[in-house]
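In order of appearance the chains are A, B, C and D, and numbering begins at 1 in each one.
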Amino acid sequence: MTDQTQSAPAQRPAATSPDTRRRGATLGLAPRDLGLFLFVAGLTLCAPFLLNPFPADSSLAQFNAGYPDLMQRFVIFGIFAIGFNILFGLTGYLSFGHAAFLGVGSYAGVWMFKLIGMDVLPAIAASVITAGLFSVVIGYVSLRRSGIYFSILTLAFAQMCFALAYSVLTPITGGETGLQLSLSDPRILGAAASASGNIPVPSLFGVEMRETTDLRLGAWSFSLNVGYYFCAAVMLVAFYLAIRLFRSPFGMMLRAVKSNQQRLYYTGLNARPYTLGAFVISGMYAGLAGGLMVSMDPLAGAERMQWTASGEVVLMTILGGAGTLIGPVLGAGVIKYFENIFSKLNDSVLHGWFAFLPDGLENFVVAIVHPFVGKGWHLTLGLMFMAVVIFLPGGLVEGGQRLSRLFRRKSGPETRSTNDTPAE
Amino acid sequence: MDAIILQILNGLDKGSAYALIALGLTLIFGTLGVVNFAHGALFMIGAFCAVTLSRLIESSRTVIDESRTDFLGNPMEVQVPYVVDWFGESGGAFLIDWAVPLSILFAIPIMITIGWIMERGLIKHFYKRPHADQILVTFGLAIVLQEIIKYFYGANPIPTPAPSAFQGSFDFGVLLGFDPLTILYPYWRLVYFAFAALIIGGVFAFLQFTTFGMVVRAGMADRETVGLLGINIDRRFTIMFGIAAAVAGLAGVMYTPINPPNYHMGMDFLVLSFVVVVVGGMGSLPGAVLAGFLLGILESFASMREVIDLIPGINQVIIYLVAILILLTRPRGLMGRKGVMEE
Amino acid sequence: MTKRHVTRRGVIQTGAIAGAGLALPTYLRAQESGFTNAPQGDTVTLGFNVPQTGPYADEGADELRAFELAVEHLNGEDDGGMLQTFSEKNLDGTGILGRRVEYVTGDTQTKSDAARASARSMIEKDGAIMVSGGSSSGVAVAVQALCQEAGIIFMAGLTHSNDTTGKDKRANGFRHFFNSYMSGAALAPILAAQYGEDRKAYHLTADYNWGYTTEEAIRSSTEAMGWETVAAVKTPLTQTDFSSYIAPVLQSGADVLVLNHYGGNMVNSLTNAVQFGLRQQEANGKQFEIVVPLYSELMARGAGENITGILGSQNWDWKLENELGAKYAGTNAFVQSFGEKYGFPPSQAAHTCYVQTLLYADAVTRAGSFNPCAVVEALEGFEFDGLGNGPTLYRADDHQCFKDVVVVRGKENPENEFDLVEIVEVTPVDQVTYEPDHPQFSGGSLGTCNAGA
Amino acid sequence: MGLLEVKDVNKRFGGLQALGDVNLSVAENTVHAIIGPNGAGKSTLLNCLVGKLIPDTGSVMFAGQSVLGRKPFEINQMGISRVFQTPEIFGDLTVFENMMIPLFAKRDGAFRMHAFEAVTDEADLIDEAERMLAEVNMLEKRDFHAGSLSRGDKRRLEMAMCLIQRPKLLLLDEPTAGMARADTNNTIDLLKEIKSKRDITMCIIEHDMHVVFSLADRITVLAQGTPLVEDTPENIKGHPKVKEAYLGEAA
């Protein structure tokens, strides 16, 4: 299924790649992309501060997302979504089974922890390679079909992976309880147990991933976590590579696949290896995400391969803006934020917030808000999906563009660009 | 032999549920080109129509029975259904007993209305949008519908038994000359199969023999041309959407005695119904029905002990395995048309 | 203080505002205390991690009600519930060690990943010192391992798999709920008494860990009684219609069907089995019977009248004290305060969560410290009574509670939706006790307690 | 020996004989038109040349090599480019990118994993693309979305995309179908201009006699799947068989 080409009624200038010739490229990026990259780098670097805007003991601290687990999830799912977008955003091939690659990557990672040792690099390498191998096989078969038929093939493969991992493959995958470490694992290049007799934790050259420094500034508190910064660094590399890929001839070919396969074939190009290449690259991104997930939290559950997990990354990508560079990362962030923050708001928290209201009114307001938070967080998520797609057809990125256009218009009409903002 | 016949019956029964859902889905998905992730939710809402009607019929006034006490030691509150007041003990009991079949009448207008509102209010604006947007909006809608049901009915399954006349099993084997008690099959499942056959036949007859149906079929084949002829195909598609919703809803109503409905039953069927539709071939109604029955029967055979012993885990993956094999040997599924949702 | 452990959490306080920083409350973990999330200020935070979405959401909601009730009782609100009947009298309604109890909640979604994410946020963000809850063994095992790593206590909610205190046991994790082995051991003699010793059983088993351990437990106990197992067929977790698994049962020569299913699987397979008229049939000259090893009252509601006459086991039932006397004291006190507050009797999931919270609070009080290692020491080998199950032991070897197991049967004419089962018998604790190295529980080790920090 | 040699090609669809014993020779550096009434088998023949269909019997040789059994992209790599009846371009890409893709295909072959190079680094190719755009008067639209172009512009873009690959043979499938007279004339002028500037062989399938007689050096008339005549435009004009074929169809 590709996005249908929407032909605009009037001729309009391009929305992409205004720089067709390199001018003052740094790091191999055009100035505009470099700006975006530095912006994202800045955000990830400062995330522990930006995500904890409320004082630690204020009632709004519930909205703080700057704790290690969630920050790690933001960037890990960001990687997953960036990779998915390389396939879906560029070629238009909608895979409904990408979670399988994340899953096998996770299993490979945990097995490395069990067999080799607790250093994260071999685990991540194994994750990426295993996911890559799986995606070569699944991609080779699935890409024989296109459109919805392709989607269903990938879905079928992933569902098979999930069903088998949950049941008959339990000796390899841990099944229902997930694959986890135990004290009796061999770990040939490391200790089976830590000095205190516990299972050792993942580390990078001896630095534990969970090591955290709490920084207190007045009423605020910020967690600086080794694992997060490691993930963030990996994500920046992944993001950088994705930008390069988007701007490369290969990326252009992928967009050409999406736009018109017939023309591509009659231009002397074979679409199949291009799409397979994109499929494998995005599968490896998923594997990387899986490897990082177990490096942060060394347990791999089969549910992360279920179709709902594959659907989640589809939703992240579309929500953020398919085919844009930053969109998938935004989408991943928003969905994970809802999952982790909104689900934890319970009635007692609500009463805490609205305590300043008179009793009757307080109960009334709590009753109104109640269905949308805590156990109702799915409802809010569903409503948000609908709102975004109805009002912002291009996803959150379009929302950002509209805002910035509005801002520019206000700040000075002379700077108003006739160009659509590039698809970032 | 009897085991095989039993599994064929099971397969036909499972298949009728798959076929009914896939039929509605393919009307929307294979013909309007809308990826409707909310279709499972329509099935679920149909089931909850039955729940709601049973609850309405059972709605009661409370009487305090001083002679008994509840678990906290307070006087027991006893519920007396209004229908018992109105129609007497036996009449009321009869209504309560027959709540599920009665819900069919109740569900049809509701489902058509829901389908109509969905199409006019939401889906209409998404015909020209990318499939990705359709997925996002219908998935969002499915979650919202699901959560609304959960809010009012809870997450637990809700027992909605079949009328007592249809409880118990029919000795199917005797008809085929087997010994008594070898092939027993529940009455309600046979009813479900017959009902599915009726609905499927009805939809086909409707499309085949009415002018309305002819226009819609022509519109499926070539929407623009029919539009050029000055026929208001949009309005007819709206009606089709209503019919698809009604088919899904009725499938849900009749399914409630088979398995107690819960708020996520739609999601459980969603993936499967997409697989069925695609295996059947995009844009083909007979394909969807055929694939529904085929997958139902294969699933039943794969769950036989002898088969599982031979290939462990086959019952976990049979549907997907078959889907992959069919799609690789037949590029457009069983009966798919060229160019529908292939891009 | 010398740092013996590798530093996992450091605290930097910028000098200029160190004073302000010191005034900061619960949120911060103090390195100095030597364990993760040591309570600061005058409150202590517990984390209640239950399924709030997905098929077990109602069970999760019931657990949450029990947790809220427990917190109220610990903080001296309401009538105190089981605090009056608990054999230990350390808890006096002033919170835990004088600190007011606060709690945070999360959604496990019945997925091990989501459950760990939620638990980590409780630990890292909210500073929870103990995590409890859960409605499946996969989640319990996953969260238990996480708590071990993080150095906090995990008080398991509803988890029935042998693995939780078997091969996946952890020093920081404790289970009050009973397990598959106990179900088998409790059911077998009663099954033999009710249905005879010459029975042929057909097992349908959920195809995942819990299903495996339950099938193994029931098989070995019933076979020891003389039953024969005709067949055991595994059914996929995602199965909704069990007709194709049920249909061949009658022809297999079996006369008992054992449904090793839980939750939605159990509701559907039982409904289907009754639909196929199994209960009306005779096989091998005997009435055909169905057994559901683990009953969940909440899910049983979904099966409606289909559960009539079906035997199964439970960890606890709200009618225990009324029907079997003062040995199960505490039951009525809990039912009373739960019923007063919510208007219906509690489920066994609610009960185990309530009890776990109280047991944790009591252990902290006896230890005089929130340090997980002190709590572990206080709970290990701890014997108590008055929490509804009769005399109970928290065994040191595997952190499993040993107590009587309730065998129940679906009621003929239930008066309301909370009164679906009747108590058949209670199997005394001796009959369900096993050695710590029993083969069904082998392969794991507790390790040592981890205090984190 | 022509650049393209079609020998005894037959193609059946079920009971329908779409092509029967087609023989055709397109000489190098000429414009060869294939005309014929509807259903004459023009499109089938074209599809056999580009690898979309495989003839049941016969051979198709291009520059001494057989094209049979090769995929469209392989045939393109041999030096055959194709212009479609309705312009097939990359609508989601810019005009400039539309030009770069055939350039990469020409330089790198059917597949190359240039994932971490930058399009903007290819100064030579960019210059070439811009020269070509200038030649077809589209340089000012280089950053437009190709999908938003007018039909005439799309046609010119498609031609430019084909020409930039310097094909030995350019196949044109009814390049003026559905065009207004003025547009048709523009296209004729464009093709003439293209022809005048470079050595190229063209094979045009066309319905419109005006186009054919303006451009073609030689014409093959196809009827009911079989070539009737092959000759120069002058001779074709009055040929009785041709009249019969067309009038017969009209009647």
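In this section, a residue touches a chain if its C-beta (ideal position, glycine included) is under 8 Å from a C-beta of that chain, and two chains touch if they have at least 3 such contacts.
All figures in this text were calculated on a predicted structure; none of them were measured in a lab.
Annotation of chain C and chain D: jointly contacted by A, touch as defined at the top. Here the chain at the heart of the shown protein, by mean C-alpha position, is A. Most remote from chain D, judged by the distance between CA-atom centroids, is C.
Computed from the mean C-alpha positions, the centre of chain A lies at a distance of 34 Å from the centre of chain C. Averaging Cα coordinates per chain places chain A and chain D 45 Å apart.
Within chain C, the positions touching two or more other chains are listed as 57, 61, 207, 234, 236, 238.
Within chain D, not a single residue touches two or more of the remaining chains. Residue positions of chain A touching 2 or more other chains, listed in rising order: 6, 163, 166-168, 378.
Remark: the chains found to touch one another pair up as A-B, A-C, A-D, B-C. On chain A, the positions that touch chain C within their shared complex are 56-57, 61, 64, 67-70, 73, 163, 166-168, 170, 175-178, 180-184, 193, 196-199, 201, 208, 210-219, 221, 223, 297, 299, 301, 303-304, 339-340, 343-344, 346, 348, 374-375, 377-378. Taken together, the chain B residues at the contact with chain C in this complex read 2-3, 6-7, 9-11, 13-14, 17, 70-72, 76, 150, 154-159, 161, 167-169, 181-182, 184-186, 188-189, 257-260, 262, 264-265, 268-269, 299-300, 303-305, 308, 313, 315-316. Residues of chain C touching chain A in their complex: 5-14, 17-18, 20-21, 24-29, 52-53, 57, 60-61, 64, 68, 103-107, 111-114, 116-118, 120-121, 124-125, 136-138, 141-142, 145-146, 148-149, 161, 163, 168, 207-210, 212, 234, 236-238, 444-445, 447-448, 450. Against chain A, the residues of chain B that register as touching in their complex are 35, 122, 125, 128-133, 135-137, 139-144, 146-148, 151, 267, 271, 274-275, 278-279, 282, 312-313, 316-317, 319-321, 323-324, 327-328, 331-333, 341-343. Per the touch definition, chain A reaches chain D in the complex via residues 5-8, 10-22, 25, 28, 30, 241, 244-245, 247-253, 255-256, 258-260, 262-270, 273-274, 277, 281.
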